[in-house]
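Take this structure, written in structure tokens, and hold onto it; I'll ask about it next.
The letters A, B, C and D name the chains in turn, as written, and every chain counts its residues from 1.
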Amino acid sequence: MDSPVRIAATDAHDQPVRTPDLDELYRGFETELLVPLWTEIGDLMPARPVAKALPHLWRWRTLLPMAEQAGELVPVGRGGERRAIALANPGLGGRPFVTPTLWAAIQYLNPREDAPVHRHTQNAFRFVVEGEGVWTVVDGDPVAMRRGDFLPQAGWHWHGHHNRSDGPMAWIDGLDIPFQHYADATFFEFGPDEVDTRQDPALSRSERLWAHPGLRPLTHVRPTPATPLLAYRWEHTDRALAEQLALEAEGYPATVEPGHAAVRYTNPTTGGDVLPTIRAEFHRLAAGTSTRQRREVGSCVFQVFDGTGEVTVGAERWTAERGDLFAVPSWQPFTLATETGLDLFRFGDAPIFERLHLDRSSDEGAGT
Amino acid sequence: MDSPVRIAATDAHDQPVRTPDLDELYRGFETELLVPLWTEIGDLMPARPVAKALPHLWRWRTLLPMAEQAGELVPVGRGGERRAIALANPGLGGRPFVTPTLWAAIQYLNPREDAPVHRHTQNAFRFVVEGEGVWTVVDGDPVAMRRGDFLPQAGWHWHGHHNRSDGPMAWIDGLDIPFQHYADATFFEFGPDEVDTRQDPALSRSERLWAHPGLRPLTHVRPTPATPLLAYRWEHTDRALAEQLALEAEGYPATVEPGHAAVRYTNPTTGGDVLPTIRAEFHRLAAGTSTRQRREVGSCVFQVFDGTGEVTVGAERWTAERGDLFAVPSWQPFTLATETGLDLFRFGDAPIFERLHLDRSSDEGAGT
Amino acid sequence: MDSPVRIAATDAHDQPVRTPDLDELYRGFETELLVPLWTEIGDLMPARPVAKALPHLWRWRTLLPMAEQAGELVPVGRGGERRAIALANPGLGGRPFVTPTLWAAIQYLNPREDAPVHRHTQNAFRFVVEGEGVWTVVDGDPVAMRRGDFLPQAGWHWHGHHNRSDGPMAWIDGLDIPFQHYADATFFEFGPDEVDTRQDPALSRSERLWAHPGLRPLTHVRPTPATPLLAYRWEHTDRALAEQLALEAEGYPATVEPGHAAVRYTNPTTGGDVLPTIRAEFHRLAAGTSTRQRREVGSCVFQVFDGTGEVTVGAERWTAERGDLFAVPSWQPFTLATETGLDLFRFGDAPIFERLHLDRSSDEGAGT
Amino acid sequence: MDSPVRIAATDAHDQPVRTPDLDELYRGFETELLVPLWTEIGDLMPARPVAKALPHLWRWRTLLPMAEQAGELVPVGRGGERRAIALANPGLGGRPFVTPTLWAAIQYLNPREDAPVHRHTQNAFRFVVEGEGVWTVVDGDPVAMRRGDFLPQAGWHWHGHHNRSDGPMAWIDGLDIPFQHYADATFFEFGPDEVDTRQDPALSRSERLWAHPGLRPLTHVRPTPATPLLAYRWEHTDRALAEQLALEAEGYPATVEPGHAAVRYTNPTTGGDVLPTIRAEFHRLAAGTSTRQRREVGSCVFQVFDGTGEVTVGAERWTAERGDLFAVPSWQPFTLATETGLDLFRFGDAPIFERLHLDRSSDEGAGT
């Protein structure tokens, strides 16, 4: 065993000639908890991002039965907190991280079940690809969850879920767990074992105050870091997308590109992203649409909401259907195409990069 | 008459003894275009704002007939540009300024008439207290105007109006004309004599893109100084206010104070005010409500939209009814009260003061 | 006397034909405190800013003797507060306003005299074109005033001045008095009749904390609306300008234009303007330099600090010397030229326009 | 081998009873790249941050000789780029990461040597604990490096170093390499093999333009994400700290706490941190000073610049001397104490947390 210093094959030509003195120096480095740049630079400072996370697609038709089986075998309660099953990116060593920064899980609640109340610094949201019957209760405000709804919930707010219906319900949770875990920023606190209200209103109080276009209640007139609106309903999202495509059909400019409509969910107090670390969007491709190839610094996850399409991420290519989720690692080129129309929910970590001035995309012609 | 230096009565005791030498110095000041502080300080630096503008109320039942008569006698066209009749605050020397910073006018359009296209740096809006049938066309986007609608239009955008209907229509224009006139910031440009589209859609393109709660089209993802949303419809405003009062009735905190609901119109790209110089709000008082007395730096105008109420501004007190407008000068205390319920539209110059860190209100216990 | 409605000559062609009915309508307008737009639009909405303020130059050799005479004849004390003599723009009706928004005055203090302590919402600064010996005491911090120093002092801070020396001292005060007077934003409060410290340190505490390039004390790590630094010393300003010209001489790009160096005084907590309503800069022209003609929305005042130059503002042209002050009204073209070198202090109201998105300059090719 | 699902000991009590069905489900999870929350939550969502990084101190008297030896054995040149030896936190698996987000290395340049020109998205700085003779050339601007100087250099700017002297020189590099590596945000580009200028001015052009307190050149009047000032000289830092302690001795409030002075290096265009991801500060403890215990979300590194002190981080305690570096992981309590006086340079990742609203400190009484 000559040297503890790891040298990547691609860097071999750059390395100093190994001599006994150098080997001894390298051993000294190891003893003293030091690592030279010149042996690591190929890995640490590549010409462009080389994500360890891999493009991957998870099938809804696989996920949902497993969640159902977990519903039979695994109780939900204090300690485990949630019957949530996370996507583990194959490039990330078996950790429950769909990308280095993001968590995506299917969560499942049996009829009449409660997921206990807690709070944590992680920013979170739920997105419902099918089903209904569960209310998530955020700071005492019960928020109905229905197909197509996007339900953000900023860090450090109390929340629990309860299923008011006689059927089970599954949905998707997205959080910045991996990022906060990496950055050692996590705080967590237990609340009551059951949610503190059994009310099941169609609209949460947050919506009654905030879900009026362009209007803000005078209750709070300062910006808040995360959105005070706890539900973005499918009917609004669907209408916004339909209007964009209708305008394009009438001859006005397309929103993103021909046949491609999209909305970003925003914090009405700032116009910016709903959550400090997470961006969420909904994309609709008209029948016969292909998107231009694009790559971006930062990672994201798509879930097919409706329709069928061909997805290409890096060297991977899949036909994706309702409920399927796929991960797009940083700087991997991706395209979407559909013959019959495709609706996709998307979330990603773009706010982290934009706020730190590290955002970059292929649109800028930069980098690659 | 010896001295040109004006001395306010209240300052007399502070003035230096008049001598021939002092009189000669004062004459020298006048010749050299100089004015001493010590003779002016009482006017220039009062202990608290002493607005020259006066509290005043204009009756809709007076305004509307005059506008109708102007509709008979005064053509609308290039040069005069608009058949608009402005409120002239009695404290401001006959100028068409409802307050030092704000313009408020009733505008009137006969059936099938056009108001020609132009653009100007002044920020503007329209508010409709009754009637319909006119479309304002902003940068080619026709925007229907109906009772209860608020229609902002940022400076330097092309706009004209046309009346598609067989009846006349009147509405209120609000602008920052006095402020920009004072500050010498005004640019103005003529466009075509007629609006460039005769379309009469129920919804403008701006609404189809932007009037979805919490959603922004990916067309533009940067903040804009003024709102891209050209119409804030009554149905949304009404629902938002009704929900606030309903929540209060259910036991949740009132938005402003007991019985007092209010929304602010906002720029969805920032969450801030719709226009860089103008704030707009809608207030609803439930039957039997009196507001707490309040004073603020900066001026504003209210228009009663519905109901009847008692209004007190400074030493003035009026019973105000539908369509009536009243001005609240800077730092004048004001209260609203109603036995049967009162809906009011409000606009003011608060963004000017907030952006310059000159805002202050009686809530802060400051000043007075 | 037929009609109370004022019609500008230039608008005459646009006016409706006068008939008895129209005259009666116009009389009705007057009675009801209404003014039509169509008779006023020429004045209110010109194609480009038509400032009432006029270009004007005040000679230091006139100002200073008058201030000296005031020093003999007018005591300084409570009530009058300051022995300050303000420049009254000839276009502004005899008011002590150098432009619509700005106040500029020469202030004069006899040996051992005090100007009493007060505070006001107006933002203020002092600039010293010659002399020394006075300390301005801001919130208890004594700040020496010397030739070339710029001494900002944000609204609502206590301040008084005292002359420690055996000679008199004169300097320039700049404030936003006219703006706050116009906008009814003024609060004022008396403090002690004498300043609360007789200390005469060379450096104020604010400088000891804040005048280190790029460094901020951890005392305060949040932005403040106005600068916490109470003195910008001539030695720093002079060196910064000398370096800019030296760099240009070494072949690097000129800061503003060939031969023209300039610095802006900034708030170190934001990098922005020193005061919310006032911008301050210092400009140096090398011998043989002429500036490009420029116009800007907003007004400013220059004071010659050193050297001699030819100044053109609108249709006016002067040879300006040390101490001379001249006003540049909004959108008036101006140029500076010097054969032997020229140093100028400048202050203006640009922050008002930038924060309200009303700034515009001839550089943008806009407007005119 | 029963189950692939990893279960932390502390969570064992929360886990569902293992049955053949559950084991099969767990095997299915593994096959499908899924991981349940309930087995991971203890690690992922602790009650407060549990940093993997450990408190650790590296001795300058160890580092410097190793760097010198590397100077003999390892050439510096294209490919390896820099003779930099990084501190590898013992909790981070041998990676050259001093904390999860930060890189700290000693860099060494022999007499007359060049480190080749390159650029990268990583934000960087150098800090000089001793020595001189090297110029770092940033975008063609040669910047002298001397004891006590802090030299930031924003991402994506060209830079190389050259040693003009006859002696070697060592200094500290700080970068956000681990963060950008984690987040897959890295771009890198090679420039020339030698720096493009051999000039050795005492002051860089950036300083000649920007190092004047409170003054900005009119060259650029917009905020930039990172500082344009390339050197913060020791003389300024030292004077700022001396003044803070002198003011405290005169009876004014201490900057941080009794006996503890500190400055933050700032971007003069914003007043905020010098780099988007890195905060840098300098702290001075007077003789006989102990700091209050403090903990913060986010990690940092201190280097002793002068003096000797007792450092406590978490359960570790060291006597630290000139040049010694120690890491403070997230939420680890730390205190500093000195009998004879202590000067410390500090850098950390606080901007990441503040911009994402994840900052928290023990001062807020939050968390544990």
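Things worth noting here:
Everything that follows uses one rule, which is that a contact is a pair of C-beta atoms (placed from the backbone, for glycine too) under 8 Å apart; a residue touches a chain by one contact, two chains touch by 3 or more.
On a predicted model such as this, the values are computed, not experimentally measured, just so you know.
Between the contact lists of chain A and chain D, the overlap is empty. Centroid distances built from C-alpha atoms place D farthest away from chain B. Computed centre separation for the pair chain B/chain C is 29 angstrom, with centres defined by C-alpha atoms.
Separating the CA-averaged centres of chain B and chain D is a span of 52 Å.
In terms of their C-alpha centroids, the spacing between chain A and chain B amounts to 43 Å. Counting partner chains per residue, chain D shows two or more touched chains at no residue at all. Taken as a graph of touching chains, this assembly forms a single closed ring in which every chain touches exactly two others.
Contacting chain pairs in the structure are A-B, A-D, B-C, C-D. If you check the complex, the residues on chain D that touch chain C are 205, 208-219, 221, 223, 227, 229, 232, 236-237, 239-240, 243-244, 246-247, 252-253, 255-256, 261-271, 274, 281. Across the complex, chain A meets chain D through its residues 11, 13-16, 19, 21-22, 25, 28-29, 32-38, 40-41, 43-53, 56, 58, 62-63, 66, 69-70, 72-75, 78-90, 94-96, 100-101, 105, 120-122, 155, 177, 180-189, 225-226, 276-277, 297-299, 329-331, 349, 351-353, 355-358, 360, 366-367.
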